[in-house]
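Structures are listed in the sections that come next.
One chain, subunit A, links the two complexes that follow: it is found with subunit B in the first and with subunit C in the second.
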Partner chain A sequence: MAEILNLIPSFRRIAMGAGLFLVLAAPSLREVLEQDMTRHMLIQLPFLVLAGWLLIPAAAASCRFVVIWDRFGIAGILTANLAAAYWMLPRSLDNAIALPVFEIAKFISLPLLVGVPLGCCWPRMPMLGKGFVMANVVSMLGIAGWLYLAAPVRVCVFYLSDQQEAVGRLLLCLAGAISLAVLFCAFVGFRPSAARTA
Partner chain B sequence: MVTHPDLVPTLGARRAVIAYLAVFGAVLLLMMALGLLMRLNQGALVTLPPEIFYQSMTVHGTGMVGVASIGGAAVLWYFLGRYVRLTTWVFVLNLLTFTVGAAMILFADFVGGFAAAWTFLFPLPAKAGGQWEQWAAMVHLGGLLLIGTGFLLFHLDTARAILGRYGSLTRALGWPSLFGNDPEPPPPTIVASTMVLIVNTMGLVFGASVLVISLINLVVPQFTIDALIAKNMIYFFGHVFINATIYMAVIVVYELLPEYTGRPWKPNRPFLAAWTLSTVLVMVAYPHHLLMDFGMPHWLLILGQIVSYVSGLPILVVTAFGALMIVYRSGLRWDLAAGLLFIGVFGWAAGVVPAIIDATIIVNSVMHNTLWVPGHFHTYLLLGQVAMVLGFVAWTGKTRASQLFNALAFWIFVAGGIGLTQSFLYAGRLGIPRRFAEYLPEWIGQARIGAFSAALVVIGTVMLVGPLFIRLNRAMAVR
Partner chain C sequence: MMRSLFLALTVAVIAMAVFGSATEGFRVFTTEGARRYAVEQAPHQLPAVTLEDQDGRSFSLDSLQGRVVLIEFIYTRCPTVCSALGDVFARLARALPGTVLLSISFDIEHDGRAELRRYADSHGADGDEWRVARPVHGQDLGPLLDGAGVVVIADGWGGYQHNAAVHLLDRHGRLVRILDFDPLSVLIDEVTPWLKS
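Now for the complex of A and B:
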């Protein structure tokens, strides 16, 4: 996925990122996506991250500032993780719906503090780091899915229990799908040049 | 395609391998001592308080799985390093996480009193009935998680190195030769390492997930998981992880027997097919651990039985047959290492037989909770996996000990191993239950035979690993 995005010329990437951001910010679409917990969590939030990723030109990953401050992509992945962790809290979703200031914070922080750092750090991370992150993503998605299914109470004020359970099931499916995708990539092929840089 | 070893391990890498073997030897002996103590208690020769017995059983089970994996990892890393460039600091980090994790487990079990066996079945860690406190369960599970994290990094590094040189896992498994006409398949070490990294990464991800779920349950008991799903996840992880230790250790057979005999171990189509087949089957066979769980879907249990019949057999057959063919009329000059490698293949082959018997549903329903099962896994781990790693230890150290000393060490270890495993199997046949601290009078006799045999195993192992500790520096220098 990351390799495919990097093949897109910079100006097109930025245009796509800006366009995606504007579409997601459109009031009608925003309302539709936020009405349902599944759409909110699994469509709007990831696409905001993707918009941020696209806003960064591929060359940015190798610029001097990034190379100095983000060795092996550690600072970038930590920034992205910490920012993303906040938006994983059910209460954050409630706040984003209830309070405009949180909604604005979401639309700024997810592209800028998750998407942009990921876009900068991911191509520069050693394969060992990427593998570790992916293994954690899979197991944590599985655990988050279980948490939503096992929670004895509604975790979000604005969403009903059935939506919560649907999110739990979809997170488990997503963990399975990512595992299969990683296995498929590893079985079908890998560029030796990329691995040697690790 | 790389088909011949072309890399030489650095001094740092060799030191790291020796450090692994030193930890392997030390922890192995400690765990063996606990095993001996339990058999002595069952034989009414010493008296352990029941809680100490179950704490010892938990440490012994968990520790032996860990030590087998550390020994296997040392073998895999050393020989894989002949073909691909591995990262020494990742290898060392894995040893450090193992050591810290093992210390946490020892502390949680012997100080905190945690005694839920290696299986830590949900919800037992959180429902101790006053036997241990919450912190002990958390430290034990945390130790396991730490060890798993180290092994995940270890396998990710082998994946990086293998993919960097071979391009894809299919090429590293030899599929172009298996399904196409590529005349140069990858060496057995690459094939085995690839299989291990695939299955163990999957197992570790499931294991980490269920450990975190159990930890969350300890802190917030309202968050529960279906106990049967948790058991499936635990046994998938445990089954894959322990089998992978054998697949790691067998690499030493592929690498050293050709050195001893001067005959190369060139993978052919049956060899490659066997490893590919077992890659899938070892992950599908785990339901044979749950044949007594009536809540399991019947189709899964039937699948577990059928797949268990063929899961490990392909690799075992090609390895055992290959080993026999390589040794037959080769003029091999037997020494301690060669003997241990050969007994390792025997132990693996012999240990699979009771496993297949127990994987039959109708047999399992009466045999699974007896000592038959410890008989099976002690055979293929003690006389199989451990013997192979001890063969590697002997080869690495090339001790100056006399032939008589080596022969004594070998035969004491083998005689003790056979005695111990046969006493387990015989007791299982009689229907003596496993995991019992106290025995009825009529069970004590065979427990004493087991205790005597276990003592021989400990003596033999001290004689086998002792020289490694005495000449650690020399061991680092010679290979």
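Now for the complex of A and C:
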């Protein structure tokens, strides 16, 4: 019973998640964000993921069903990883602009298949797994950024070549920033659990 | 433990299937790649729109059947890609006699006969084997671009960016290949077999 009660999310968190989702889905904001490749990839997509993350209660991570079926959170993180990778395909990004079906799929899959599993599984993942995922994220961002900068052609038919270059540079910056943050945590020693109990 | 493994494997298998279908079996990753692959797999006719060339002659795209046709989409003010495409067509005209070369402008607001004429003169289009044209009716432009799968977007400086490619129509008027214009030797090798058939 306690478990079920725990599953009910704090009202504020779910309201924030739902509110964020609705704001992102507003036609005028959608148009503004999707007009530009940087805004589309580095604002709209991550915020859709964040909306999903907010919608899932913290207690869901320790729910029995989730623990039995996904012991270390590997399947969940794998789902999040692959669903996110799908929307990194240039063709998917174009399709989301050209075809309403793909746009709807994007708005459903990013919160549900990336945000929710991340919120659910990341806390349960062993340190080794987390390190593996982080290393992959950094190298993926680095390679994608480098490709976008070096590509002789536009990869998306709906975006200009200078927008593609801007995204490439930002992806490289992001990879650098994440690496620095990881190094900072490792050597300066920021521990979320210590901070919470303090 | 087995259940977790089973779930992870299921996720991986589903993801493989989704990625496979999204990339036509891991062949294409961009819309441009998908457009070229689709044409290779299933050639189709372009809409039979009426065009008008630099000499003011009207002709239907249909009327070119029986010849191998190479089409590029351009706008005459274009400082970069279209200019390069123009040079490519000038060299193709010499390398592949017998083909019809067609430069079609999608900037019908700006490109009238005078502009087409100027583009033709500056690149050496003779108006016979190589014609610079535009759709006569504005409403024909959309279907023509859609038929070829060309997307034109404004670049914010009054110009456009668009898929830069050479579109090959076979003798039956079907769009059979969409090719890069660079390197030229590869383009010539790709077109040559269609001239013999």
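The rule is short, and it goes like this: the second predicted complex is superposed on the first by the 180 of 198 C-alpha atoms of A that agree within 3 Å, B and C clash if a C-alpha of one lies under 4 Å from a C-alpha of the other, contacts with A are read in each partner's own complex, and residues count from 1 in each chain.
Just so we're on the same page, a contact is a pair of C-beta atoms (placed from the backbone, for glycine too) under 8 Å apart; a residue touches a chain by one contact, two chains touch by 3 or more.
Predicted model only: the values in this text are computed from it and were never measured.
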| item | value |
| --- | --- |
| First, second, both or neither for A:78, with subunit B first and subunit C second | second |
| Contacts of A:160 with subunit B and subunit C, given as first, second, both or neither | second |
| Touched partner set for A:94, first subunit B, second subunit C, both or neither | second |
| Contacts of A:86 with subunit B and subunit C, given as first, second, both or neither | second |
| First (subunit B), second (subunit C), both or neither touched by A:127 | first |
| First, second, both or neither for A:143, with subunit B first and subunit C second | first |
| Which superposed partner A:68 touches (first subunit B, second subunit C, both, neither) | second |
| Interface residues, subunit C side, partner subunit A - complex | 1, 3-4, 7-8, 10-12, 15, 18-19, 22-23, 28-34, 151, 153, 155-156, 161, 163-164 |
| Residue ranges of subunit A touching subunit C (in the complex, touch as defined) | 68-72, 74-75, 78-79, 82-83, 85-86, 89-92, 94-95, 98, 153-161 |
| Residue ranges of subunit B touching subunit A (in the complex, touch as defined) | 87, 90, 152-153, 156-157, 159-161, 163-165, 167-170, 198, 201-202, 204-205, 208-209, 212-213, 216, 222-225 |
| Interfacial residue positions of subunit A with respect to subunit B in the complex | 126-128, 131-132, 135, 138-139, 142-143, 146-147, 150-152, 179, 183, 186-192, 195-196, 198 |
